[in-house]
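Going in written order, the chains are labelled A, B, C, D and E, and every chain counts its residues from 1.
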């Protein structure tokens, strides 16, 4: 039941916030904060060991579950399961949601109620995605989370927001439908072999099918998640969406929504189609590597700061794709850390870009420069997070990248070597951002305009909090590893191909 | 009445039907289009009569009666509409009626 | 009887052909009436005297009168016929004729295959038709009455709109 | 005391964090105090620990301290641990000792600068990272320090951020070294994957046990580590960033780009010497890179007019010596030179800083001249430093360390002899270029009026370093002069012993070369000279062999071009085409809806004919 | 007619009686309120009567009709939709005092009668008569707002095209009758199974029937009239055309195929598949940049009927259920969408509020209607939490379950294209309002209430469709 509350609280909170919007603009903000705080506490209370950690026996890594019949006629049930992986991502979701509310306090002054409703609903949708284990329910949430995000972009966004919002929607929905078809074919194949028509993930695991079929189904799932991730060449919606979205939208988009893609890859693509996924792994990893480098190159070429950050996001997600398909404990743990760290660091960068835009009314780096002189705190944090995003050891992103590359090194050395070039490329664009925005000569317009004010206390607190989180992930990631280990072990067990030995790292150790 | 030429009857219906269709497609005057439509409906009616004749059953004629009913209803409403259109479009030019498009 | 049928059929086809090519509305209407009368003859040959009678009374009678009425009311005369001639350019015939020809071939080919070769032939008279109408087709008649009601109301409403405007 | 080892890197870190949090609120005096004192305390602690270590060495001469378990996942575990052994001890002492002196110097040197607190915050951060680098017991922590010093270097080169050129130099430094770092990173992956541990000592032990000498994998691993080392230490082919890095404040150049960070590569190779011993090809490459770099840098230094760039090339050249030493297996010689170089090069930079701070940061040596009388403190310090650099026989520390390297090379077979020759040529060049600078700067005509006294915070470091530059060499003296082996004794537990060379020939020849260089410099530059003509040869050496030009053409510009050309992402145009095509189709199809009933009927008829055809004919 | 048959047929009888009563009432006293009230009440009573007919079912009522679960279910949809249309019509017509308004309800009732008997039809005669009663009544309704210049044009278009398509339908029926000697669906099925599988008469006949039906369902390439008529007709009538006539016709053709065709001939299936694909793609592509909301919805309805054909092609239990659910979803959604358009329009104006610019800033001016319309559009786009989402899911289940690769692919592609124009309206509604709507109308409370009910259904059955499926299984399965 806890899991249901986890969903219901922000869901209902959203409606309440919407209605409260008419009374006082601060009311929805406070409600949203309270709702998310409560939800966070509930999620925190779930931290702990799995119900049983006996892994090979089956799917026993669950911390909590909830199951009720929903549409029994079609074998669909309302099935929520939580394991460490989901929990960690849910915590990130709620935390970033909370931060989004804080940083929107001054930015959003229009239709405040509706804004917070959409914000809370998108959090709800994402939590649902992380919890649902019935494939229909998963798809339901998968689609559901698009709508509020669409509104966030379309209603409170910046220039080209309609274009961006529609593009975002069409990309994700189109690929989502492919996944739906794949889900259904899987369900029917399962029915043919077992006579059982069900959308239950746990039942569908290990469905026997011929390799060609498995490959196409896997591809259907893969494309949906690759679009969301996003992996090159399905990434082009992301920069537009980010550029147009309001700050909170960008934070949610980068921090959370993209993670659903990675989560889907880990939870569904590989465990449901182990053989196909392993056959496909080299291609997927290649896509990941191409993504790392190509997006880095694009990031380097941008003048719009938000686009730069957006492309850096794509680049980082290339590491995630690489790591997922390396499919060993190291890489997967790395993926988890990378997701968390990316959520935090990119989220922070988007917040900073948003704050900057609020102050100097542009995101064009050609019109910036020398901001360190006028707004040192913002600039300092900008530099800190830029450096985090280039993977400086001691911060979370590094651990993620290190483990991912260490994991992928076991599987494909050449790819790993090429991917490592991304470390250099990351440095290039991250430092270019710092240079163009904060260092160098002050832009000419600065002379006439009033001096922009520096970050205010709430922003400073948020930034500090995010930085500490990143530092924590970088210096002591072990609690995260421990929390997700059981869950990962299970998906790994499920996702191990029936033929051929696994490339478990521990076995390679002399 | 032996040796009723059923095939030829259907052939006749088909030809009349096609001629009616040609009329609807070719004529630009709405009145002529309406007439051609009547030809098409009549062709369908002939087909029913032919079919009824084959089975020596009243159903064909009954359907013909219904077709007739429909044709009459259609013509009455159609002519009322033509009256309405005539005011804007005295030549009853079908091609002129393209206000609704796109 | 075949001869009667064939003559009637040829008349029907030719009259229809004339009808769709005449620029003058009155001429076309007359040809149409001829075609309908020929069809009535066909019905008679096919053993459907009741239908033949209805064809003459309602189609060639009532419906055609409606058309005449409209032609008179709208005063569609020589000017319209002249315009009609300009509209009926040979080139406009090509497309429709080809389409109609295709359709006729498709449907005609059925007839040529001779699926209905079995001749049968008693006359189905008015009594039989009437009994069927109040028997199994009772509800159909009811619905047909609503059909006519709807047409009545619609025509009335539209016609009244015309009157009100004028 | 040694259980407080963790405090050594932590103290500067605390200083750094305090300064960052207090940025803008602390007074300049307080900020300087925090900055210097935190390193000073670390230095005191380090020396105390060293004293304890020397008097009472731990078992195996290694003291291990695990702070916390960093990560343990999928069979890979890393602790956040420190390891104190003679090698890291020496490094720690150099870093904290020289570091403190430079901090002290900087408190006066940087006075009045905007961002004074930030300067010390970054400098402290650098020291902390550097200490982590040398004290780390595992590769991950080492790499953390490794990147940390890179960050510090980046921040400090770009300290004066208003000038875009500084930013460019900073980024260049970071990115070029990052290329090397990436090689190191891959090396780490390789080592971890194949040896199953991140702990350096364990990895070396596993490597020796499981990899035969000359095995490809060991060679590959060694080369990858070497990649990291050449990047950080500005050796060929990743040397180009160092001269540009001189745009940073001079104490930064002294600390980071002379005394400590740039020697990290030497430290790394020394630290992983077991691996390099398994890969003779890699080791030889180390030597060749060293030899080539020292020559290239030596010639380039001669063609510079900027005093800091002269010193930068000389640094590059001296690190080339260290690499050469590593390459020929003269491990302790490399360390020895690292240490003495830290002294005299820090001295040179600081005295150069002392000069330029009185010249409104004018660094062109041809705009100086006759400063010997005006700035005697700076003159004497610079002179002592130059003498040490030029390895003036017997009286300088540089002589002893360079001699150790050259004898090591002499003993190293044919390849060693070739490298030795390079070293001798280099020694000649060193004498020539540094005394060229000395003569041009301090003698001859005076330009303008220069005066000023230095406070104790400047003179003290100069004095201490001068003493060290002279006497620092006496801890290791070759057999001919008395055979002191303090350093090699100390390092014996961690580094393989070097062959004793009793032959005096190399020593004599090298000394001669150095003296010849100095003499030649005196001959040419004693009297005031004109700025050199920009002949093609001069330009070639001025540009240090045109590596920048080459890299620009081959790497930088293509990437920039690609980034510019593709800034709109050509993949997106693919989707745009789809969208455009859909709209185009829409426009075409829409024309069918022309509102004409006859046309609609035609559509109906066509559809009917087709449908009947499908039904009947198919 | 047996007593059971009479009882089962009672709702339809009631509807016929109601028509007469309303006619008499109008004759006695011309009052818009009275006519509307009696119509609404009567339709409500018919709806209530339906469940009471259920116990008597299934029963054959003369050779023409079968009253069974399917018939009652679809009749229920038809009557419910007609009720909603009646209420919306009252709101629509009440806002103007222009012209006689009472006959409207009469035509609405005859149209409803024609539509309601279709799902129960098992004979060509009732099929044809129901269809044409519906069509002729619609003709009157479409051209009802005759002062508008477009009304007569739309009417004549529908008349000529509808007439031609009816001729095809009739000819097809005649061919089948000529071939098999029966016009009862079930008998056709029996004889067809007994006879040659490749009976050309029958195939041609079925094809021609399909032409007639495809026209009414506005499937490509018989769709061209749709946008013109939707645009010109008063918004409630558009809703009626879009919903009631589609449901009724779909129900009857579904029944015809189930009873008479069984496993339809391969060539017919192929023809249907082509039509389905063309409709899904064509409808969506045509709607893409449409600036007229009613035309846009018209094109979208073309696509939706194409989607439904997927279920039709799938046949089998799953397909039939999916079609039933989707039709229900489509009904609720379209009624809502056109209803909102109607509520924002006034017949007195030269046109309805159908330009996309009329919706600019609606989120601000009428937040509830805007949010409702947004959800309706999302439902049309197949986004949760709406019936449209589950409906589309159900369709894909059916399609995938029977391995209809190309139709399902077209469905997916069409849905993606469709998103663009649905979302475009959402965006416009969210835009700041620059110009006020041409005719500011007052939206009556009951109009909003109807929309609220539809919205509640949309979301409730969209998120918890189990009861609806249970009902469908009970009725249709």
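Just so we're on the same page, a residue touches a chain if its C-beta (ideal position, glycine included) is under 8 Å from a C-beta of that chain, and two chains touch if they have at least 3 such contacts.
In this text, all values refer to a predicted model and were calculated from it rather than measured experimentally.
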| task | Using the contact definition stated above, find the chains touching both subunit A and subunit B. | result | D, E
| remark: For subunit B and subunit E, the contact-path distance works out to 1
| message | Of the pairs B-C and C-E, which shows more C-beta pairs in contact? | response | B-C
| Which chain has its C-alpha centre closest to the mean of all protein C-alpha atoms shown? | A
| query | Which chain is most remote from subunit D in terms of Cα centres? | reply | C
| query | Taking each chain's centre as the mean position of its Cα atoms, how many Å separate subunit A from subunit E? | reply | 42
| task | Round to the nearest whole Å and give the separation of the Cα centres of subunit C and subunit D. | result | 101
| How many angstrom between the C-alpha centroids of subunit C and subunit A? | 70
| query | Centre to centre, by mean C-alpha position, how many angstrom separate subunit A and subunit D? | reply | 37
| note | Note: subunit A residues in touch with at least two other chains are none
| Of all residues in subunit E, which are in touch with two or more distinct other chains? | 125, 129, 132, 136, 139-140, 143, 146, 152, 155-157, 160, 164, 171, 175, 178, 200, 204, 227-228
| Which residues belonging to subunit B are in contact with no fewer than two other chains? | 6, 10, 13, 17, 20-21, 24-25, 28, 33-34, 45, 50, 52, 54-55, 57, 59-60, 62, 66, 70, 73-74, 77, 81-82, 84, 97, 99-102
| remark: Pairs of chains in contact here are A-D, A-E, B-C, B-D, B-E, C-D, C-E, D-E
| query | Mind pulling up the subunit B residues that touch subunit C in the complex? | reply | 1-23, 25-29, 31-32, 34-36, 38-39, 42, 45-46, 49-50, 52-62, 64-66, 68-77, 79-84, 86-87, 90-92
| Residues of subunit A that touch subunit E when the two form their complex | 69-74, 136, 139-140, 143-144, 146-147, 150-151, 154-155, 162, 165-166, 169-170, 173-174, 177-178, 180-181, 184-185, 188
| said: Taking the touch rule as given, give the residues of subunit E at its contact with subunit C in the complex, in rising order. | reply: 16, 19, 23, 61-65, 99-100, 103, 106-107, 110-111, 113-114, 117, 123, 125-126, 129-130, 132-133, 136-137, 139-140, 143-144, 146-147, 152, 155, 171, 175, 178-179, 199-201, 204
| List of subunit B residues in touch with subunit D within their complex | 21, 24-25, 28, 33, 94-95, 97-102
| said: For the complex, give me every residue of subunit B touching subunit E. | reply: 6, 10, 13, 17, 20-21, 24, 30, 33-34, 37, 40-41, 43-45, 47-48, 50-52, 54-55, 57, 59-60, 62-63, 66-67, 70, 73-74, 77-78, 81-82, 84-85, 88, 97, 99-102
